[in-house]
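Notes to accompany the following structure.
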Amino acid sequence: MSRKFARSLGGVIAAAALVLGAAACQKEGTGTNEAAKCEGKIAFMGALTGADAGAVLPSRDAAKLAFKKFAAANPNCKVELVEFDTQGDPAQATPVANKIAPDASFIGVIGGAFSGESKATMPIYEAAGLVMVSQSATNPDLTKTGNKSFHRVNGNDTTQGEAAVKYFKDTVKATKVFVIDDGSTYGKGISDVVKSGLGALKAGEDTVQKAQANFDATISKIKGVAGVDAIAFAGYTGEGAPLLKQIRAAGITVPFVGFDGVYDPAFASGAGTAAEGAIVTCPCIPAEKAGGTFAADFKAEYGKDPGAYTAEGWDAATVFLSGFKAGKVTRADMLAWVDAYNEQGLSKKIKFDATGEVDKANVVVWAYEIKGGVLTPKTEIKLG
Amino acid sequence: MAERSVLLKVDNVTLKFGGVVALDSVSFDLYQGEILGLIGPNGAGKTTCFNAMTGVYRPTSGQVVFDGQTVSGKKPYEINHSGIARTFQNIRLFPEMTALENVLVGTDSRHKVSAPGALFGLPRRWGHEEDLPEVRAKGGPDRSWQEFKRSAAKFFGVSRHMQEERAAERKALELMHFCGIERAANEQARNLPYGSQRRLEIARALATEPKLLCLDEPAAGFNPAEKVELMDLIKKIRDTGVTVLLIEHDMRLVMGVTDRIVVLEFGRKIADGAPAEVRDNPKVIAAYLGVPDAA
Amino acid sequence: MTANENTVTKKKKRSFADRWNGLPGWSRFFWIMGGVIFLFYLPELGNIPGTNLEIPGLGFLRTDVGVGGSDWDSILFRCAVFVLIALGLNVVVGLAGLLDLGYVGFFAIGAYSVALFGSQQSPVVKLLRANFDLAPDWALAWSWCILLAIVLTMFSGVLLGWPTLRLRGDYLAIVTLGFGEIIRIIARNSTITGGPDGITAIPGPEGAPNAQNKYFSILDQKWWYWLALVAVLVVILAVRRLENSRVGRSWLAIREDEDAAAVMGVHGFKFKLWAFAIGAAIGGLSGLLFASQQAFIDPSQFNVNLSILFVAMVVVGGAGNMAGAALGAILLTYLPERLRSLGALEFLPERFQDPAEFRYLLFGLAMVVVMILRPQGLLPSKRRARELKDRAQEVPVNG
Amino acid sequence: MNFDALFDHIGQHTVDGLAKGAIYALVALGYTLVYGVLRLINFAHSEVFMVGTFAVMWTWIGIGAGNTPSIGIAILLLVLGGLVGAAASGGTAVLVELVAYRHLRRKNAPSLVFLITAIGVSLSLTEIFGIFTGNGERKIQGMPTILNQSIAIDFLGVEITNLQLIVLAAAFLMMIGLDQFINKTRYGRGVRAVAQNPDTAALMGVNKDRVIVLIFALGGLMAGVAAVLWNMRYGFTRFDIGFVIGLKAFTAAVLGGIGNLRGALVGGLLLGVIEVYFATLTASKWEDVFAFIVLVVVLMFRPTGLLGESLGRARA
């Protein structure tokens, strides 16, 4: 009995010793001396892995390119772009934001790339006084919450939806439009604007699901409505490409208009010949129209053409980089800098209003046509 | 024979699976306090008859009346609550649970089992010494710990759930002792030797406090010495007032222990009577002709 | 006196569980208290609180070391929430043996009940205000939301269980899977739930999320972790009581052999329903904590893959054993996060350098390997021997 | 609920639904075969299908197939695709059995463990294809259109396209072939014997392991054929396509009665039709909800599916 007692007691004591008595050593001093040097980190937050990564990686690459060029031009500026992967999932984005927010070396955030993660994390950044500049979160509600941290350089879904309505009315001259969305925040947001804008011109609608693969039911529905002369799709490539392919295979040849969710080389390659002639609107300027050597530089760096929101990714990075150059190295200074920013960017003239939105008049919406499997700029849709 | 009360009445029970007739208008009575043997060649419908009685199958026609109530058509657990317990031909214990827990499952049949009761431990009772945990350690921290637990139980009172649990544990141990397997209480059921598993099944069935215990080939796989022990156990069970229905292949065992025998063949009853009469019944001899009587 | 005296067959090797159960009660008690203190210390892992000292080595375990990592307190919180889920699912899968592939549905219902009734932004709250003449800033208090979440999830558990628990195991799997999907699709496609946009401003113990909150702040997640930890401890105590009672015994009996249990008087359907309802309530509680901490939910966070991950937690850890289920939950939550901030593995070819990219592949392979090597899970369930060694001999002969 | 939209074109919707369901049915056979013999839900079967679609796609692209080749070449491509798909899917299925399940069976592991292993295998396969295809960006993969869709039959306003016809015909042919194989051949007898009673079958000299490999191969073969039909009809694949199709196919198998070959066909076709009907009545986003509700209702009244479990014996 006593041996057992000693053993049991010994165990308890040993455990306590392990916790308390382990060789403690002095922590390194982590003093934060914030000299006004050109120095700081910017976080890039978005889906870098996972199913939605394809929509984010091009803008990440553009931002990286901007940082690289800046570093080359300003060797005494020690700025760094740190990437954080959220997989586009709000639940994974909040721990990331909670890591970034208390870390004083971060001066700003590029992102969130998607609306959901932006919504989940912007109160955290606001509480920490960190400024966010998103390159691609398009949900209109994001700027309506009174959040002081959130800014975006891209146009929102309302603007794009209105542009699309205009395109249907003026260019396609459609009389019966079948509207399809994917039920996501993004897809539903745009399709609501389009549906109300079209009014009586809307002939039918359907909502597909994320990762849906066969659209027999949707096509069956389109065929059920007589005289459909245009189809609008608000969603992403994953559903858009197979949908378009199946629509064309079913012998429906009417114009197909997608939005920036399918502004993606994979949309054309995924849908193959069916994609020929499809229209994609995007509040993003054609890279070659963006002026400068951006498109060529991007291709030279990565060996591929710029994709969705590359110019915006560059612009978001530039907003911060010019701030660093102007000596804004604290969060408060950087926030003030971004609020007051007024420069011509690659994609548009960037000046944020009180809500963090760029001026609607400056948002450039382009219609692209898929020609020979490549998204080619067709026409700019001028908003009234 | 004095008039004895009928405990169970199998009344014209027929059971069909698709086109196959497994039981064909079988009728027999079971009297309070007797040991009845149910015998017959393989496939005669003995186990099917058990299943029809304990609610595993619902008879196609006819009924089973137990203790004045019709039980055929009721759910197995309801039939068990009304007082029939059984064992299985191919042992069906709860293999991952300890032997004691297996028996405790049986005792639960006689208690009200409710999740809120177990969770919140209400209602409580104060001041009864027999409810409190024992202090058994001779000294040292073990004793202090047990004393601490005892005084805690004294202070907070003991829930009815715990009282019943303690009583059930005592009863389960008694039953295991009764069946000669008390040493195995803390073993996992599947680690027990074969004979102990058979006995454990009997203990578990007895724990449900049955009026009628149905044993399905309890001696299968036993050696002669074990069979003798089992015969004693069955008699001991009957002496506690439990009526026993026994399916068995071993004629010596059946003849040695039963008061009366019912013989089935091809789903039909062919004989019914005292062991000696049945043994000499020409139909029974015909049925068993050429069939070795060992299992 | 040896501990094995009354066993029939002697074990050659004593497993951890045997050793643990062999310890005297008071020693177990101190170990557990030490463990609990350690759990509360975890947010400071590697540091000695109140000093500027650190314990070498321990800091390496945190997820916020290295580039691209996540906040350690948030991950601890997430681990705690998933442990809670694993404990709840363990009641259903491990104890009662019912394969529930739609557990995420209960998680979602718990999350939505606090979001829809507690948030100022929720359509339900707005609707109630408009129709019942309530104050313009009315919303259900957080503490009432807890009750609501538990009631709603229990109710939905019974609602799902009533028609389906009569089905055999494999059919139950697909039906529950469908249930999880239905909850998500409804949340996503109806306006009353906020649709795909989700719900923001979900309250916590200190009310709506606010940077000025003293404990449950937006920036510092420590208190959130401690809250979840308390919930975990309470649930462990509750489930332990059930597990060691005749309710738990009935669950095990059903799991082991449902027909035999029925013949022994166990009302199978009733206990399966209880298991479902209790499991659902725990899932709902964890959903509530998850939604409160995150302050924002949308339907995409509740997809089927999560359900499958939950089952994987329980089975990899060891179904039927709370410690196992908890271990599974911690490993499957923590490891991908730790792998994320491992940094580039420069000794590998360029294509393979980024461990973040491969973490789910590694995860899948690990699952297969663990299952092949240890089919019973990392910590297999083992019924604890009762303390009977003396009493067995006190029983009167011929009882 | 838009009843007009449904009833005005009910014939068309039915045909579309049947053609949609035929592919589910072929994949469902894989679940059913394995379940019928091993009482095990092979969750990795969805990835067996996914691997098939990729194999077929690479074959087509590899031999330089262009869009809509001449009819002869198209048939050749389809047949070649069928062979490659069957080989790839069958191979994957057998590999899963040999690498993962066999050890577990030897250890007599509980069925949950098989499930988790299957999920692990499934996740690994998905990730491998996700990482190593499409530039690591996990994009959808388009492929050449082998056959142009055209209307083959126009009967009372119901249009049946050539692709739908091929899919339906192929599904029925494979189904009949499999049925004959299981019921008429020596190998099939072995399968049925093991399904009914593995231990007795082993005593009677049936090589249980060989039978199990055979059923995995057969299930994979059916998934491979489903893959080539999928590629022909829908013309794309994606690393995570298996999950969506697998879930539907599994539902179909349960609906018809898992373990029952004909049940898989009935369940698949029925599920396709239900989906199209309800999508027409409401919107595509609700079709899964209705599919599952129908499943629950069917199971409540027929607890073992529409046709019951019958590859071996029906269980009580």
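Per-chain numbering from 1; labels A, B, C and D assigned in written order.
In the analysis below, a residue touches a chain if its C-beta (ideal position, glycine included) is under 8 Å from a C-beta of that chain, and two chains touch if they have at least 3 such contacts.
This one's a predicted model, so the numbers in the text were calculated from it and none came from an experiment.
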item	value
Maximum centroid distance from chain B, chain identifier (CA atoms)	A
Central chain (distance from its CA mean to the mean of all protein CA atoms)	C
Between chain C and chain D, centroid-to-centroid distance (C-alpha), Å	34
Computed distance of Cα centres, chain D from chain A, in Å	36
Distance between chain centroids, defined by C-alpha means - chain B, chain C (Å)	39
Distance between chain centroids, defined by C-alpha means - chain B, chain D (Å)	48
Where chain C touches two or more other chains, by residue	24, 26-27, 185, 188-189, 357
Residue list for chain A, restricted to those that touch at least two other chains	1, 5, 8-9, 183, 207, 209
Chain D: positions in contact with at least two other chains	136, 283, 285, 288
Chain C residues touching chain B - in the complex, by the definition given at the top	6-9, 24-27, 29, 238, 241-242, 245-250, 252-253, 256-257, 259-268, 274, 278, 320, 381, 383, 385-386, 388, 390-392, 395-399
In the complex with chain D, residue positions of chain A that touch it	50-51, 53-54, 57, 183, 205-209, 211-221, 223-224, 237-238, 241-242, 245-246, 249-251, 264, 266, 269-274
Chain C-touching residues of chain B, taken from the complex the two chains share	54-56, 75-77, 80-81, 85-86, 88, 92-98, 100-101, 104-106, 108-109, 111, 113-115, 118-119, 121, 134, 136, 141-142, 144-146, 148-149, 161, 165, 168-170, 173-175, 177-178, 182-188, 191-193, 196, 204-205, 208
Interface residues, chain D side, partner chain A - complex	5, 8-9, 12-13, 16-17, 19-20, 23, 67, 130, 134, 136-145, 148-151, 161, 163, 233-236, 238, 240-241, 243-245, 272, 275-276, 279-280, 283-285, 287-288
Touch list for chain A against partner chain C, complex	1, 4-5, 8-9, 11-12, 15-16, 19, 22-27, 48-49, 82-85, 89-92, 94-99, 101-102, 116, 119-120, 123-124, 126-128, 139, 141, 145, 183-185, 187-189, 207, 209-210
